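So that you can tell them apart, the chains are marked A, B and C in the order they are listed, and the count of residues begins at 1 in each.
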Amino acid sequence: MSQAIRFQAQAELAEKVTVDLEKVRYPHYGRYLEEFVPGQVFVHPRGFTFLAAQMEGFARTYLQCNPLYLNEQYARAMGFLGLVASPQMVFNVVLSLGVQNDSEKAMANLGYYDAQYLRPVYALDTIRSLTKVIDRKERGAGKPGIVTIRTLGINQNDEVVLQYQRKIMVGGQGDRPSTTPLPPSALMPAFPWVDDAEVFLPDFPAQLASGLTGPNSYFEDFSVGDIIVHSNGRTITDEHLSLTYAVGNTHPLHFDRVFSSGLSGKMSGDPIVYGGLVFAWLEGLASRDVSENSVWELGFTEGYHTQPAIAGDTVAALSRVLAAEEAPGELGKKFGIVSFQLIGVKNISAANALAKHGEDLFIKENDKKDMGKEKIDEKIFEIERRLLIRKRG
Amino acid sequence: MSQAIRFQAQAELAEKVTVDLEKVRYPHYGRYLEEFVPGQVFVHPRGFTFLAAQMEGFARTYLQCNPLYLNEQYARAMGFLGLVASPQMVFNVVLSLGVQNDSEKAMANLGYYDAQYLRPVYALDTIRSLTKVIDRKERGAGKPGIVTIRTLGINQNDEVVLQYQRKIMVGGQGDRPSTTPLPPSALMPAFPWVDDAEVFLPDFPAQLASGLTGPNSYFEDFSVGDIIVHSNGRTITDEHLSLTYAVGNTHPLHFDRVFSSGLSGKMSGDPIVYGGLVFAWLEGLASRDVSENSVWELGFTEGYHTQPAIAGDTVAALSRVLAAEEAPGELGKKFGIVSFQLIGVKNISAANALAKHGEDLFIKENDKKDMGKEKIDEKIFEIERRLLIRKRG
Amino acid sequence: MSQAIRFQAQAELAEKVTVDLEKVRYPHYGRYLEEFVPGQVFVHPRGFTFLAAQMEGFARTYLQCNPLYLNEQYARAMGFLGLVASPQMVFNVVLSLGVQNDSEKAMANLGYYDAQYLRPVYALDTIRSLTKVIDRKERGAGKPGIVTIRTLGINQNDEVVLQYQRKIMVGGQGDRPSTTPLPPSALMPAFPWVDDAEVFLPDFPAQLASGLTGPNSYFEDFSVGDIIVHSNGRTITDEHLSLTYAVGNTHPLHFDRVFSSGLSGKMSGDPIVYGGLVFAWLEGLASRDVSENSVWELGFTEGYHTQPAIAGDTVAALSRVLAAEEAPGELGKKFGIVSFQLIGVKNISAANALAKHGEDLFIKENDKKDMGKEKIDEKIFEIERRLLIRKRG
């Protein structure tokens, strides 16, 4: 099982090797606009072994209240094989593993679309991430373009656990040196995206666990139009620098102040909180009121970070019910499907944000110009999400 | 074991659902004074699965030096079934799980009493928390009242691992909307508090582990009256915001600056450090000198947070020996019981606090008025605790 | 397996025990110069059980990119028994466990020498640490002296996993009270240091894992003289206070602002980042470019922290190739040995530091005086390290 090797003793060498400034290289990562080729597939490095303590730790950092992610016994009693990784963690890891290829040169993350969670992730699952370039839109010389990508998270059994699409804004290469090239590879890797994908859920037990979730977040509690103002906010500290690579994200904008303060424009200054973390906090803040009785996060779409956040900002959340439907087939006996609009604000309580901005909070920021409305500086995020939620029964 | 389901594709909905500001709700948690009914039992949500890495992580965050909580081999050699969750973690989790019902509306935590640790908590144990309302004292219109509660931590085998009592100051409802009601439930849950409870300890081995604990913290090292000044302090950073929900505590005072800065009075401004964390740090700072050779934390009483702490404060600790007795029966061959008064100070070293305040440090702050003495602003905590400590042999 | 004991109820005692200021003691730790006796061996307290989540957590906190430390599947496919603890974590823990005896009174860590990693550390291994005093150099009355120590990290099977030497600067006792004495012990503990030690490596499989590491960090990518400028930096936050005892380090300089701000000279002010953490961040920042395809960290020498770092500082790294050799015997078919000089800078990007300081960055700071050169304030660290790196094949 092991071999014993005796190596030569290490001797000091630096003085003996002349410094040759001609032999300098500057490896850097991400892709410039021209480097994205539609059809190209990136197999992202490293992968990520999910461990129970990190799954629980993630859930607690982001204020999750659904015991599926906090209580192993409860998760088993609900039919799962053990503690479940929170969908937010799965999303954050799958996206972050791809940053080195997809977006380490990105200027902005423009939106998330068509995210679908297809299978639970459990402790000791190892997830890797793949991206396919779908489209590259150039917008003229000197202007950044828009790249559309699809990303898959795949487990050690080659099963897709998550798929989603996102758009990113990327600048051109200009006269800058090329990024680190992909390994030459004869075969284009498979990219098993399925538009109409099946979701693999546990066979839920006849009798679901009780007593550990709130009384006011069952399927029957949600009607179309309901607006739920989540009471607590969360002040983000500079913990976010460390949390960024905790999920595998390598973009220096989020943890390197020399880099972030050297930028010009809106992103200049303190490191910007990686958006996936903001989404996770907002979802956690909403969880007591809307997802404590959820058994599956089906997915999300039309997700936009409308303002950046930095350390010191306090975020708060509101949810609005967009649909409440029966779950298909047998599943409908125990569960319904609820679609929510989740809105994030900063440095104002959710209640005060609603009092101040009213219905404008729920209008997509990008639609406002055409409607002759002003954007809301205090609004930081908007998305639509769909959950499978237990009936009170 | 699992079922494959095809859900309808998610379509964008927000634009199609009119925003109706009549359908807003503001769920909020905790209880106002009038909502506490003596005799009522709360089964707190979520529960908490203890994981080895989080147990070790907690012990390290709070500077624990007893290897029972850090070294699995040592814990087994001492007769335990594996790494032991530190009593501080158990206490923090059991209390925090109850915050949503007990104290998310509390204005102050007035004191901890009669805490007894009854069984070890090991990795993969899942702990849930129950509270019974013992007493509600009203102090006149417009004044906050005092609620006395008892809380139990119970493991997955329905065994009580910790019980304690606390008093909290709570304001009345006034014209504010009611908090989120408890689930209606036909049966009043059992509440297995036992005044004269048995403690379940391992059968300690004939030969205890050696070489991994300090030489100066055996039972024989403690005599009544000894004052031990712990050398190091710990500066609390804004890590405390995240650490609050890491133990399950949902009170926004500790992590929501919009909330905390909107308060009036002493608690206004930066988020206040949740008191249980302050206690944990103080206990950790004391651990090298008093509890490195402890095998059981019997419990504590008369615990008071006499001043709040915020990020940036540096805390330090002193211990005073109040009693040193033989352990009962056979246990007395190897162990003795030591009672300590643990005192916490802030922004001054423990040595300087003693030089400056002398014996006044050890007088309960609440007794000072009657004694014609001033309270000590630099003093933040006082408690009496009792440990089962190994004899040098 | 367990015994049920009924203890007497805890009663309040503090009021009844008179405060006696004659009975004060001030236990403190570390050793003054005179207390170090060449030949003496310290068996350090506590030990440290490595847990998978903490190993992965460490690797992520310090930006490691080698999947050996992040991906259990990859580690197994490379022939290891499971997820491998990063060498940086092993080093930090072994050193930190020794601080209580070795350096809690140290004024400076002067250098690391001859570090050799001899065996992998896996999850559930429990490591303890021993130190032997090698030399004590006094430099005249009132001046701090220099102590040379050797430290071993030993696993639960009594196998050495790491050995290294370091020099520390320590002040004399003067008229201060003695530190806490070692336990009297009849036997001098064994100290199994071996100069020419064997390294125990797994039997690497015929076919190594692929697809999860970068394309530009194979053995063939490194030639003597290459300078590699690592693109990203990392801003250190006050997370470092907590991270210090996360690896077991008890020196208050790193987490007690009352202590650190009470010092005089260069170390006065905010808590100084424990140097081992700085080394870990720099190594992590370099890992994408130089060690992602490494299978073993052989060791390091001539390591110097040339400037302190505090919270808020941003660190960045450069590597220079000092040697690139065949690995011995059969190992040479798959691996080569690369020696790197690793340089750390602060509050400037690595590229700008190179542009500004050129070859002077790579000259040992201690040699500069004799060369008539100025020291570089922005340079914080220098070391030589040796890796076993996979061939592209």
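We take it that a residue touches a chain if its C-beta (ideal position, glycine included) is under 8 Å from a C-beta of that chain, and two chains touch if they have at least 3 such contacts.
As the structure is a prediction and not an experimental result, all values here were calculated from the model.
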Item to check | C-alpha-based rotation, subunit A on subunit C, 0 to 180 degrees, nearest 5 | outcome: 120
Checklist entry - Same or different for subunit B and subunit C, where same means more than half of the interface numbers show up on both copies? => result different
Next on the checklist: Can you compute the centre-to-centre distance for subunit B and subunit C, using the mean CA position of each chain? Integer Å is fine.
Outcome noted: 33
Item to check | Touching two or more other chains - residue numbers and ranges from subunit A | outcome: 51-54, 57, 238-239
Item to check | Contacting residues of subunit A [partner subunit C, same complex] | outcome: 1-7, 9-10, 12-21, 23-29, 43, 45-49, 51-54, 57, 100, 124, 126, 128, 156, 180-184, 238-239, 241-242, 245-246, 248, 250, 252, 255-259, 262, 271
Checklist outcome for this item: Per the touch rule, the subunit B residues reaching subunit C in their complex are 51-54, 56-57, 60-61, 63, 65, 67, 70-74, 81, 83, 114, 116, 195-203, 211-216, 223-235, 237-239, 288-289, 292, 298-302, 312, 314, 316, 320-323, 328-329, 331, 337, 339, 341, 347-349, 351, 354, 358-359, 362, 364, 367, 382, 384, 386
